[in-house]
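For reference, chains read A, B, C and D in written order, and residue numbers begin at 1 within each chain.
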Amino acid sequence: MQQIKRTKPKTYRSPDASIFYSVGIVLLAFVVLTFIVSLFATPYSPDATDAASKLLAPCPAHPFGTDNFGRDVLSRVMSASKYTIFISVAGVAISLILGTVSGIPAGYFGGLADRGIMLLGNSIMCFPGILLALVAVAVFGASVTNVIWALGLVFAPTFARVCRVGTMEIKELDYITHARVMGVKPLRIMTLHIFPNLVPQLLPATVIGLANMTLFESGMSYLGLGVQPPDASFGKMLSDAQAYIRVAPWLIVFPAMMLVFYILGLYFISEGLRVTLSKGGKR
Amino acid sequence: MKRFITRSIVAVSALGLLVTSLAGCGKKNADANNCAVVGITQEPGIFDPHTVVAAGDEEIIFNVYEGLYKYDHEGNLNPCLATGVEISADASVYTFTIRDGVKFHDGSDLDASDVVYSLKRASGLLDGQDGTALVSELDSIRDVTASSDGKVVVTLESSNSELLSYFTTGIIPENYDNCQQAPVGTGPFKFDSYNPGQSVILKKNENYWQKGLPYLDSVTFKVCADMDAGLTELASGSIDIFPYLTTDRANQLDSSKYNILSNGSNMVQIFALNNSVEPLNDVRVRKAINYAINRKDIISVTMDGAGVELTTAMSPAMGSYYDKSLDGTFDQDIEKAKALLAEAGYENGFDISCTVPSSYLIHVNTAVELASELKAVGINMEIKQVDWATWLDQVYAGRQYDTTVIALTSTYAPYDVLGRYKSTDDGNFINYSNSTVDELLTRIPQTADVNERTALYHQVLGCLTEDACSAYIQDPTTITAVSTRLEGYNVYPMYVQDMSKVKLAGN
Amino acid sequence: MQGKAGYFVGKLIELLVTLLLVSLLVFAAFSIIPGDTARVMLGPDASQAQVDLLRAELGLDRPLVIRYFSWLFGLFTFNPGTSYAYNMSVGELIAQRLPVTIGMSAVAMIMVILISYPLAVISARKPGRAGDQICSVIGHILFAIPPYVASLLLILLASSVFSLMTAGTYVKPSDDFAGYIGCLLLPSFAIALPKIAMSFKFLRSSIIEQRTADYVRTSKSHGLSDLKILVRHVLPNSNVSSITIISIILSDILGGSLIVEQVFNLPGLGRLLLSAISRRDFPLLSGIVFYLAFITVILYFISDIAASLADPRIRLK
Amino acid sequence: MTRHIHIVKVHLLTLAFPTGKDPDPKPVLDDVDFGIRDGEILGLIGNSGSGKTMTSLAIAGLLPEAASITSGSIKFAGKDLLEMDPKERRAMLGRDIGMIFQEPSTALDPLMTCGKQLEEVLTAHKDLKMTPEERHKAIMDMLETVGFDNAEELFSRYPHQLSGGQRQRVLIAGAALLKPRLLICDEPTSSLDTVTTVSILALLKDLCHKLHITILFISHDLSAVRGFCDRVMVMKDGRIIDRDTASDILTNPRNSYTAELLTNARLDTRILGFEPATVDYSRSPVLTAKGITAGYKRSLFERVKKNGGDEAEDKNVLHDVSLEVFPNEILGLIGGSGSGKTTLIRSLLGLLPHEGTVNIRSSSTGAIFQDPVSCLNPAHTVKWHLTEALRASGKKTAGTLKERRERTYARITGVLEECGLGEEYLLRRPNELSGGQRQRVAIAMCLIQEPSLIIADEPFSSLDASSSAELLKIMTDINRERNTAFLLITHNIHIVRKIAPRVIVMSNGRICEEGTTAEVLGNPRSEAAAALLEAERLIHGN
């Protein structure tokens, strides 16, 4: 006698982590594959100039066109992926190390040490990155290394914050109390007991850090402080290309595409991680 | 929800505002009547005609101050505040006749005492000065006096036949010492205001001694961060004149709105080789580098072909002082370069670095092209970008570098161009040392005869080429975009903007 | 009340120490990097004698430490010094540039809020629907575009598609306020774009999270409408958690404006900063850095205060 | 209006969560069919996942969006709720149907004062057309009804300034404000301590009688419905499998599942066989604490912030507490929440700065904590935990690396087995273990350090009855076989009565009573002890 009633038919559930992963991995794989291939071979030498064939639009010989030096953009994009990936990974590694080494003790011990470390972090965050890059150039000489150091230092406070807040939460949990009762030394507590539990929070931060570093590096390139010519990173290629935006848009399109792929890939993976980890936490 | 709706409304209206105001933006400077806006890339800072050294300052104050003599856009040195000069036979006494009827911007009349004061000030002879010349080239002046018939007599320490071109130094009112804050000169435009980092505004000098000039009521020199920023401003119509463009950028402009003028700049772009570091201290290596590079390609890449190839330290724009016989000495010859390197013991090449100022894109690009070309002969050149201050400190003053790329600017005085190759000169940052050249350069100012001097200059150039003291690349063409709404603009082969003859098109 | 005052004083001391540390860092950086102020001012063609003359005139021959302390002393007497390069008071120079930087940041911030907030609310109401997904993906792409590339594309778009000219036209607020805001809109938009994405992402997930909170269920059981729950409970709560992110975005925007004004050729603090660095103008540079640090620290300070005002728990925790 | 015997009639209700992948999943509610009589208190009992919460949400109309009712009907006072317009249904909420939930700590908006939130109930129903004064009056009346003496003060308080019991009262006030005919209570007491639970239940019963509110009472604990509900239904897997009057179900369960639930609820029947070791009180104590005075030391910053806040903060402070634990002894420590038990433990363990002396004879003291979720490090395996504990004990053994490794392995598996876990658990991570198993690993971690004293802070409070029983058995076994002393903090008087020879009662940061268990629990002298016993009696009926 009763009609079957459906309250709001709805088939959607919050997106699966696997969707994020697959999109992210496809995008990232594209960039990483380019990078791996570039280690062995590029169609042309990425630095070889050829005044005769400058600013060629994409054609069979140069699928991505050539730049104002007559260099093959495809080859340059490939070799740029190397620098972009290397710089972002190494930079994140440095800031991750600096951040955890300062953030965890700050959160664990609190008090004056915490104040001091956070003060230093805030000061660095207020300090213009460009000036820092200049200092790095002066101290380490003009090379990729100085870019990495500068980036590592600029981003370290972000990681320190994540670590500090996470540590402050975790140290109140019973298992840390238990470890203290058992007589485990603070250093061991911080490294073996707390750090592994920060990983879920650090992972997305790391992925976002990779993306942010890439952007920051390109900003530095724009001011001539990033990768030194004739080497290229995506950011540098973009800043070099801006003068030709009207006559040779391919100079901007392809590096921008790769940059967007790289960052988008990273973001999707971080999103997937977030979903996975938040589910894991609830279980 | 009410809040949300309000916010949406604000958002939409903001968007509307965006569109309408953008439309308004473009019109701002275009209808400015009888005014012109010139884009400059160097921040001005010094307006004192005697302490000014940076080229960027000079391009503005050229319109404010005038000297006894003045260059025109063809490089001719013409009488200006002087009507003529008599030079003694040994070239140690210069006697100038001062022009009548010239008024300073503050209304006072120009007379000999003003000239004496100005020249003394420039050469450091005023009471209270320690004798160091503000204009270092005028250091050799021993005394300046006004003769009874209103002429000005300049006596030199020693004979110097090359000094006339430095009497372009600006003349200021007697005992006036506030040129930095409130410049007062006799030029076609009066100084109006300076907004650091933004603009310098000049106003018409109604009492200019050349009747009918200038045409414009005011000129604004607007600071642009770099060439590309200037280009964007040109494209958006907010500046009328923008010099120092490259051809490929100039080509992006709408030709109905802008005329593109090009002219030799009388600059010498040099691939400077530090003569005192290994392996560049070997003349064979330097020659090899000269043979290895392709100047035409460099010009093509950096200036889109708009440049004159150079093989020696002087631009052909210098006329007779330039030695045509040296043309083609270093045409690209890879085999010869390799042979020379092998002879010097570097058959497998070597590693050097090139320190370039990051603010000059043309030099950075030149270095990139050079690095690519040098690779062909086995020389591995690493490029290091440094900022301008570091470059000046480390490379120019400190001379701590292997190679660098820079452009040497000069006035039309040939001595200006070549003086730096004296081994003791402050500007000899390439550490070049050749006793013959030193001797020649000492002799030149003492030689009164022009032809003789020219021959000596040719000898110097010959030595420089023979020693391959560095690799000279090009005299980059100055490409200037001028709005079609203006006419009468002349490109100078110097770092100046002469606005006196510019007027609105059709007037 | 005494407690509040103590809190402020504590924060203020923290602020001062941070600023001091920043100026010390700038000073240290300056003693490391090569370059001579006088030489930069005079250019390569000046003789060494001229350079030395200028150095003495500017007081550059004194040791750096003494120069630092005299600068610091000047600061305490509210005199940030005179710029070497511009021969003008640093305070005046900064004041001239402030309208651009502050205006651009403010307009960008308003854009971030005006655009991301409604989008986040709409997206979060039906998470996972097509509209939400599209917003999220576009957000991610926007995030991936560096601001200066966005600026270039915007300039290109504005000039070629809409044939509007924007770059380089700066109108002083005192001359024409509407024009001033107008010329800041496009550059502000370029800075705002990635931040819109960031704030959208954050607000959206925060709203979604708050919507599942227990008190929402309580309010539903009290018979409140969805809209009322959204406006009275969900949004205020997600605002509280957004205060920190907003302050981070604001300081990011401030930093971003320094680069974007370069592309748009606007006379803001960023160009002054770069010029101070490249001219080795210590009083000017430390003045600007000090000022920017001050703003940043103040922003965090304000966000702390705002958070404590908005969230009763913070006051008493 | 006609009176209906059944105020709510749920007829053959079937509910599922269809997804894109699985459009026809196993129903969460399967032909649920029951009625709620006007004026009664109906208990709905079941384990988590049995569908009892979904049933209540379906009646209230607050189902998650993904849920879909595939068949059946729900009638409220004769009207079919499922046929109704959503707006109409929403209008019923708060007015005809009130609801309170399990977790009072999060059920109130932290940014809004209690009074404002209560006022929203009145403003949400626009047709009431009450003036602000009328609204205020109504709220004050209701706050007094739910037992607040200081209603005016409470009106302007924020939720975080209230205790759990107070918050639950505010929520009840909100739900009962418009005197709804039906009040759905979804586990309203499960996160409250026994004393508070008793008072909340009394309040609900009072509301039922005074305001004539029908109550649907949902709980996972059968014993909680004793003396409270009129009728009880038992749910399992989305079906109602048993229904009867409360007294019948509790005394004479007909269904085997109900019987099982009932046994689980009564922990005491299982622990009868557990024998603690005999204690020799003449031996010197393993732990001596004298004159412990402690408070949470706050940073300057916090103290500054606290000024002008509420003074209740200073409650968690110990005043001059002295105690001794003898070898082999299981010493019970009982007290209501906020009595200072946890602060005492933390002081004894040296985790808090305190005055007075703590003298622990043996070098190692083990500790087990309340929360089975956070007691183990989620990043590591069971094996790692035990190895780490062994390492931390500092007992080094000689031999080659291999020998030591084997010895370690033997010891780890040994203690693990002692705690009732096999070798297969070694490589599991905490999220693969149940709460009881995790607490057992925590005990194993203590054991491997061979302590003479283990301090256990409310280890049972979050465990179900059978897990608690197993844990207790392990503890008594350890106590007997290893002669390990226990200091057992709990609010469960049953357990103390069965296994602890001696007991200490705490209240307001002081020890208010101390003596043998029989003495203290048989004839309490202090008020605190008496209150604890009374609450226990009311709930569990001993």
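Note that a residue touches a chain if its C-beta (ideal position, glycine included) is under 8 Å from a C-beta of that chain, and two chains touch if they have at least 3 such contacts.
Note that this is a predicted model, so its numbers are computed, not measured.
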Can you list every chain in contact with both subunit A and subunit B?
C
Relative to subunit B, which chain's C-alpha centre is the most remote?
D
Can you tell me which chain pair comes out on top for contact count?
B-C
Could you grab the centroid distance between subunit B and subunit D? Build each centroid from C-alpha atoms only and quote it in angstrom.
84
With chain centres taken as the means of their Cα atoms, state the distance from subunit A to subunit D in Å.
44
Averaging over Cα atoms per chain, report the distance between subunit B and subunit C in Å.
38
So how far apart, in whole Å, are subunit A and subunit C when each is placed at the average of its C-alpha atoms?
22
Quick check on subunit C: which residues sit in contact with 2+ other chains?
33-34, 262-263, 277
Give the residues of subunit A that touch two or more other chains, as numbers and ranges in rising order.
12-13, 134, 137-138, 223, 242, 246
Residues of subunit D that touch at least two other chains are none
What pairs of chains are touching here?
A-B, A-C, A-D, B-C, C-D
Can you name the residues of subunit B that touch subunit C in the complex?
1-4, 7-8, 10-11, 14, 17-26, 28-29, 43, 45-46, 51, 53-55, 132, 134, 136, 180, 195-198, 222-225, 229-230, 232-233, 235-239, 359, 387-390, 392-394, 396-398, 406, 409, 426-427
Hey, which residues of subunit C end up touching subunit D in the complex?
1-4, 6-7, 10, 213-215, 217-225, 228, 232-233, 236-237, 240, 310-313, 315-317
Subunit C - residues contacting subunit A, complex:
14, 17-18, 21-22, 25-26, 29, 32-34, 127-129, 133, 140-141, 143-149, 152, 156, 251, 255, 258-259, 262-263, 273-274, 277, 285, 289, 292-293, 296-297, 300
Using the touch definition up top, name the residues of subunit A that touch subunit C in the complex.
12-15, 115, 119-120, 122-132, 134-135, 137-139, 211, 215, 218-219, 222-223, 235, 238-239, 242, 245-246, 252, 256, 259-260, 262-264, 267-268
In the complex, subunit D residues that touch subunit C:
60, 62, 90-95, 97-101, 103, 106-112, 117, 120-121, 124-125, 158, 160-161, 171, 174-175, 300-302, 304-310
